[in-house]
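Following this line, the structures themselves.
Heads up, the next two complexes both have chain A, just with different partners, chain B and then chain C.
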Partner chain A sequence: MIRAKELRTKICSGEVKSADVVKECFSCIKETDPKVKAFLKLNETSALLQAQQVDKNENKKYGLLEGVPIAIKDNIMIKDESMTSASKYLEHYISPYDATVIEKLKDAGAVFVGRTNMDEFAMGGSTENSAYQKTANPWNIHYIPGGSSGGSAAAVSAGMVPFALGSDTGGSIRQPAGFCGIVGYKPSYGLISRYGACALASSFDQIGTLTKNVLDAALLTSAIAGKDYRDPVCQPNDWIDYTSTLNDVNILKTLKIGIPKQLFDYKTDLEITKYFNEAVSKLKTENVQIVEIDIPAYKYVPALYKVIMCAEVSANIATFDGIRYGYRSPNGVSLNDQYSKSRSESLGYEVKKRILFGTYVLGAKNYHRCYHQAQKVRTLLINQITQAYKECDFIFTPATLQMPIKFRETLSEECDIFLTAANLTGLCGITVPCSFTANGMPMGVHFMGSRFSDAKLFAVANAFEKISGFDIDKYPTI
Partner chain B sequence: MTTYETVIGLEVHMQINTKSKVFCECSTQFGAEPNINTCVICTSQPGAIPILNKKAVESIIKTGLALDFTINKKCTFARKQYFYPDVPKNYQITQSEPPLCSKGKLAINIDGKNKVINITRIHLEEDAGKLVHEIGSRKLDYSLLDLNRASVGLMELVTEPELSSPEEAFEFLTELKSIVTYLGTSECSMEEGKMRCDVNVSIRPLGQREFGTRIEIKNINSMTGVKEAIAYEVQRQKEVLGSGGKLAQETRLWEAQEGITKSMRSKEGALDYRYFPEPDLVPLNLPDSFVEELQKQLPELPKAKKQRFVKEYFLSDYDASYLTSNIHLADFYEETLNNSKDKKLSAKPLANWISTELSAKLNATKIDISHSPVSSKSLAKLVDLILNNTISGKIAKTVFEDMYEKSADPELIVKEKGLVQISDESEIIKICQEAIAESPKAVAEFKAGKERAVGALVGLVMKKSKGKANPQLVNKILLEQLKA
Partner chain C sequence: MLKEELKTTAFSARIDIKDDEKDKYLKDINSMFEYIEILQEPDVADLKPTTHVTELRNVWREDIVKPCHKEVIDQMLNSAPEREGVFYKIKKVIEAQ
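Now for the complex of A and B:
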């Protein structure tokens, strides 16, 4: 599988046919997906048809992603297609409209290959919470791919598609990208419209990209970012070509990178520490200035994320009541019984747990003690991070503090805290693979930039990619 | 026996008069086919996000400005959570603290005296849909859901507990409705559910400072219902306390047909709405100029209009109050006046025609002034015809009947029916002479000093002329001839 950017150029010049690319995708999917199980649904017929249209190119228009295949996480709305969010509740739901990002992808000429697996309603970090199937890590199918965008990460990592869309509420793109050895990008809050992405926690949700390399992340972002009146939090920025700043060869020379001293407070896999230190040395070799920054509020990240996220979940998931669409229990004997049975029979354990927790923290007796307190601590975290950016341009950490685990094992609560911090503060973050560990699994590092420094974030990540020594053209053998 | 004092506070919901709903682009049209005015947002499909209707915010601010409110240019939205099928998200987007408008007031007139009622707040929220339990007269053993009304914008106004009788509550609502319809920010029709009112009522022994136990009454569907429900509830509370009983804080429903309130839920059963800030909408941060611009757009309000009518048209206080009680009535009056040949002369008779003949007809046929079958143009013509002596006031009333029934032009009616007044003196003299000749008894009485006897003669002349003789001329000529 070649890079999306190259594919697009070759498809537009006629050197490569989109239909052939799509066929290649499906042959790879047929070979590897029975083992990986990244896809919940495939659109082979319609994808081929769409590719053939591109190849005819009757309207002589070349979209930004003309003819390039893409996989979409199953929580983003595509008109007239199913959208399950990997929940039994939405098993037979057909989307009545296109998400803004889908509209933009259609305009850009992308070809939709299929829908990828995820944790139910994006709640989880292993994709094991899918109501339908478990997705494997392509580098070792006994390990989890991470989550919640585990299907998208696995599909890209295994070379089934050049890139995919995911959503990131607390690390859901960047963590699986790190686990699967690809690039995972979460934009600044408000850079990409959320309209049409099934809501988890509205304050933190962002759609983002999973790609083999930084250039493709920048390309895909250029196609889907930008103002949208249908999402009030979406910023009215003008269109930016995020690929245009990637060639700044001098960017590392003047760069100041901050490493939080809190990183050393947490139990971290030895190999992660080792390869992270190597990555830091490589940056130093490029004359990057490394500074230590102090953000004591990092220690509150797991707790305050849990409180605010669950509070919003409890309200957002309330709409799934079996009244207008979705699963309706045949056993209800009264309105309340109907609600209760429809939800308890169709929602998974993790979803129920979060609804209960969120309902609790918003209760009249707990609101001030829990929810309000969490919002105050969130402000504290934002202030401390803002302060830290006075001393550095980007904050640099390992993507995760743990390597992927086997199915049914549990990750520590702190595993993703440096990713989640970006969601809590609305900042942009990108994970870039940096090394393979002894057992052949990849690991990644994470750059976090201030809000709307996304263009520069891509440039820095791109520069790091070139010096990381990680072979991005290597694919797992499955 | 203890004398009690009544304490009343109102919560008034008014549907904001905008073309589209408050958080989506669907139409707010009333009475449309079920679920026609719905979209992915107001039916809460996955991934849908509310978008705030700026016009709705403007309407609330205008209302706030007209009622002397402080406008909170920085404010947020909140989610109020409860499960009910007519609330598709199972939470309602509303405002907690601060609301768009804080601390307003409205003066009401009670027994000729002004009383100022303080209003706590006005906030923006979205309406719920409707559950339908019957089709026509057929009761269903299931419920149908109509989401046309879901997410239509509402302004909720909450008063301080400062009203002290059913009449004051009624007067407050009447005055509020008048101002809001002047502003055009809500149609305020309780019949169409565009204005709804919940009432908080308590009683306390006269002189006691602490409030009594508060009872909330819901489900009131008319202005008179508000009055009746309060009167009933005050009486009920007095009886409970009088018989040594205790009141418990609760919500009761007004059953209009039976004329009673029934317990709906106790305080213990009160819901925990689990409010929290709405993350899908950005907090409002309005520039000063936004509010200043709306201030400039405020129309003339009822009080100012009334004063102007008195000053400009020399109307009585009573007439001016009546005409300005409703913006459509006031507009109709001024339009009619503008169509009159002589504004100065027409002002008073027009006010009379509107407040008596036209109003009586409209009330009897339950038609709103804005749909009056008699146009402002024809009413102006009718009064012109009286003023230029073409017809008499009495004839005018029969012409008016035709105008109302057939929406016809008064000049045409007068022409077709030959109703033009006889003002030709020689012709009237002729008829008067006939009448005198035919009524020797009345003539004798008159000559004996009984001046009232002339009335019988006038009646006869009018009868002979089929009501067309100019009554002033008839009077004058008869007197001349009798005295001659």
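Now for the complex of A and C:
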């Protein structure tokens, strides 16, 4: 699979036909996806029609992603199409409107190939919590792809599509990207509109990108970022071409990278430590200044995330009541009974557990000690990270502290704390693959930048990609 | 969390829990209580809580009813499991005396 930027250039010049690219995508999907199970739904007919329209290009206008196929996580609305969020509750739901990012992708000329699997309502880190199917890691189908955007990560990693959209509430783009050997990017909170995305925890949620390389992440972000009156936290800014800063050859020479000393407090897979240290050495060779930073509040990240996320989940998922749309139980004898049975019969265990814990921490008796206290500790973390950015430009860590595991095994709680910290603080983060370990699985590193330093984050990640030694042209054999 | 507390929480959350599921929920939720304890550790008495990382403040406006196209109303109502005319149909809220 050719990468998106290159494809767009070739389609616009007439060298390649969009319809041929789309056919190639579906041929790869038909061969690969029965084993990987990345897709919940495919739109072959409509995708081909869309591609043929692009090839005719009667108005000679070329969008930013003209004719390039894309996969969309199944929690982002496309008008008149189903959107399940991998839940039985939304099994027959048809989206009445386009999410803002979809509107923008349509304007940019992207071709929608299908909907990718995920953990139900994005709750999980393995894609095993989908109500429909389990997605496999294309590098070894006995291992998880990570989650919750596991379908998107697997589809891109296996070369079924050049890129995909995902959503990231606590690492849900960057962790599976790390596990599948691709680039995963979560924007600063407020850079990309969430209008039309199924909410998990509203103060953390962001839509972001899964791509083979940093250039494509920057290109896709250029197409979907920007202000939106329908998402109040989306910050006004002029259109930015995020690919324009990528050619700064001197960016590493003036760069100060911070490594949290807390990284060494956690049990980390030996190979991750080894290849992370190699990545640090490569940065040093480019004259990057490495400094140690101290953020003691990192230790509160798993607890902070669980308490605040579950509280927000309990409020957001309350909208699924079986009244206006979605599943309604035929067994309810009263209104309350119908609410309870509709939710219990259609939601998975993980979702219900989080709703219950969230309801508890928001309860009148518990609110002050639980939720209010967590919000104050969140301030402590933000203050310490803000302080750390006085000593460095970006914070650098492994993407995860553990390699992918087999199905039904459990990831450690600290596995992705350096990713989750970006959601708690609203910062931007990107994972870039850096190496293959002895068993042939890829691993990645993570750069986290201050809020709205996204353009510079892409430039740094792009520069690292070039010196990482990771072969992005290598695809898994499935 | 005790069984009685699980029952009241489940009612608030409108989640129907069957008797044979109670022990598993209690075990898993009680293990999450550790998070609450961890967050009591730092001294944050002087810090303000963060609800959102943006500097946005709530802006109030009058609640004005605007007309809506019939097709949009129909599209929305057609998503409902049950409708009657331009209303969502639900079970009786107040039982007759």
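The working rule: the second predicted complex is superposed on the first by the 478 of 478 C-alpha atoms of A that agree within 3 Å, B and C clash if a C-alpha of one lies under 4 Å from a C-alpha of the other, contacts with A are read in each partner's own complex, and residues count from 1 in each chain.
Just so we're on the same page, a residue touches a chain if its C-beta (ideal position, glycine included) is under 8 Å from a C-beta of that chain, and two chains touch if they have at least 3 such contacts.
Since this is a predicted model, take the numbers as computed values, not measurements.
After alignment on the shared chain A, the placement of chain B and chain C results in a clash.
Once the two complexes are laid over each other on the shared chain, residue contacts for A:R343 go to chain C alone; chain B is not touched. Shared-chain residue A:A199: touches chain B; no touch with chain C. In the superposition on chain A, contact of A:Y93 is made with both chain B and chain C.
In the superposed pair of complexes, A:D321 makes contact with chain B and with chain C alike. Contact with chain B, but none with chain C, is seen for A:Y229 once the two complexes are overlaid on the shared chain. Of the two partner chains placed by superposition, A:W139 touches none, neither chain B nor chain C. After superposition on the shared chain, chain A has more residues touched by C, the comparison being chain B against chain C. Within the superposed three-chain model, A:T379 lies in touch with chain C and out of touch with chain B [touch as defined at top].
In the superposition on chain A, contact of A:G363 is made with both chain B and chain C.
By the document's definition of touching, of the two partners only chain B reaches A:I76; chain C does not.
Overlay on chain A, chain C versus chain B, candidates 4-12, 40-48, 58-66 or 76-84: the clashing stretch is 58-66.
Residues common to the contacts of chain A with chain B and with chain C across the two structures: 93, 96, 203, 232-233, 314, 318, 321, 323-325, 335-336, 339, 359, 363. Considering their complex, residues 1, 5-6, 9-17, 25, 28-29, 32, 34-36, 38-42, 44, 47-54, 56, 72, 75-76, 79-82, 88, 90-93 of chain C touch chain A. Only residues 40, 43-52, 79, 81, 83, 85, 88-91, 145, 272, 274-276, 279-282 of chain B touch chain A when the two sit together in their complex. Contact residues on chain A toward chain C in their complex (touch as defined above): 93-94, 96, 189-190, 203, 232-233, 235, 297, 299-300, 302-304, 306-307, 310, 314, 318, 321-328, 332, 334-341, 343-345, 347, 352-353, 355-361, 363, 369-370, 372-380, 382-383, 425-426, 451. Chain contact summary for the complex, chain A toward chain B: residues 75-77, 83, 85, 90, 93, 95-97, 99, 194-199, 201-203, 229-233, 311-312, 314-315, 318-319, 321, 323-325, 335-336, 339, 359, 362-364, 367, 371.
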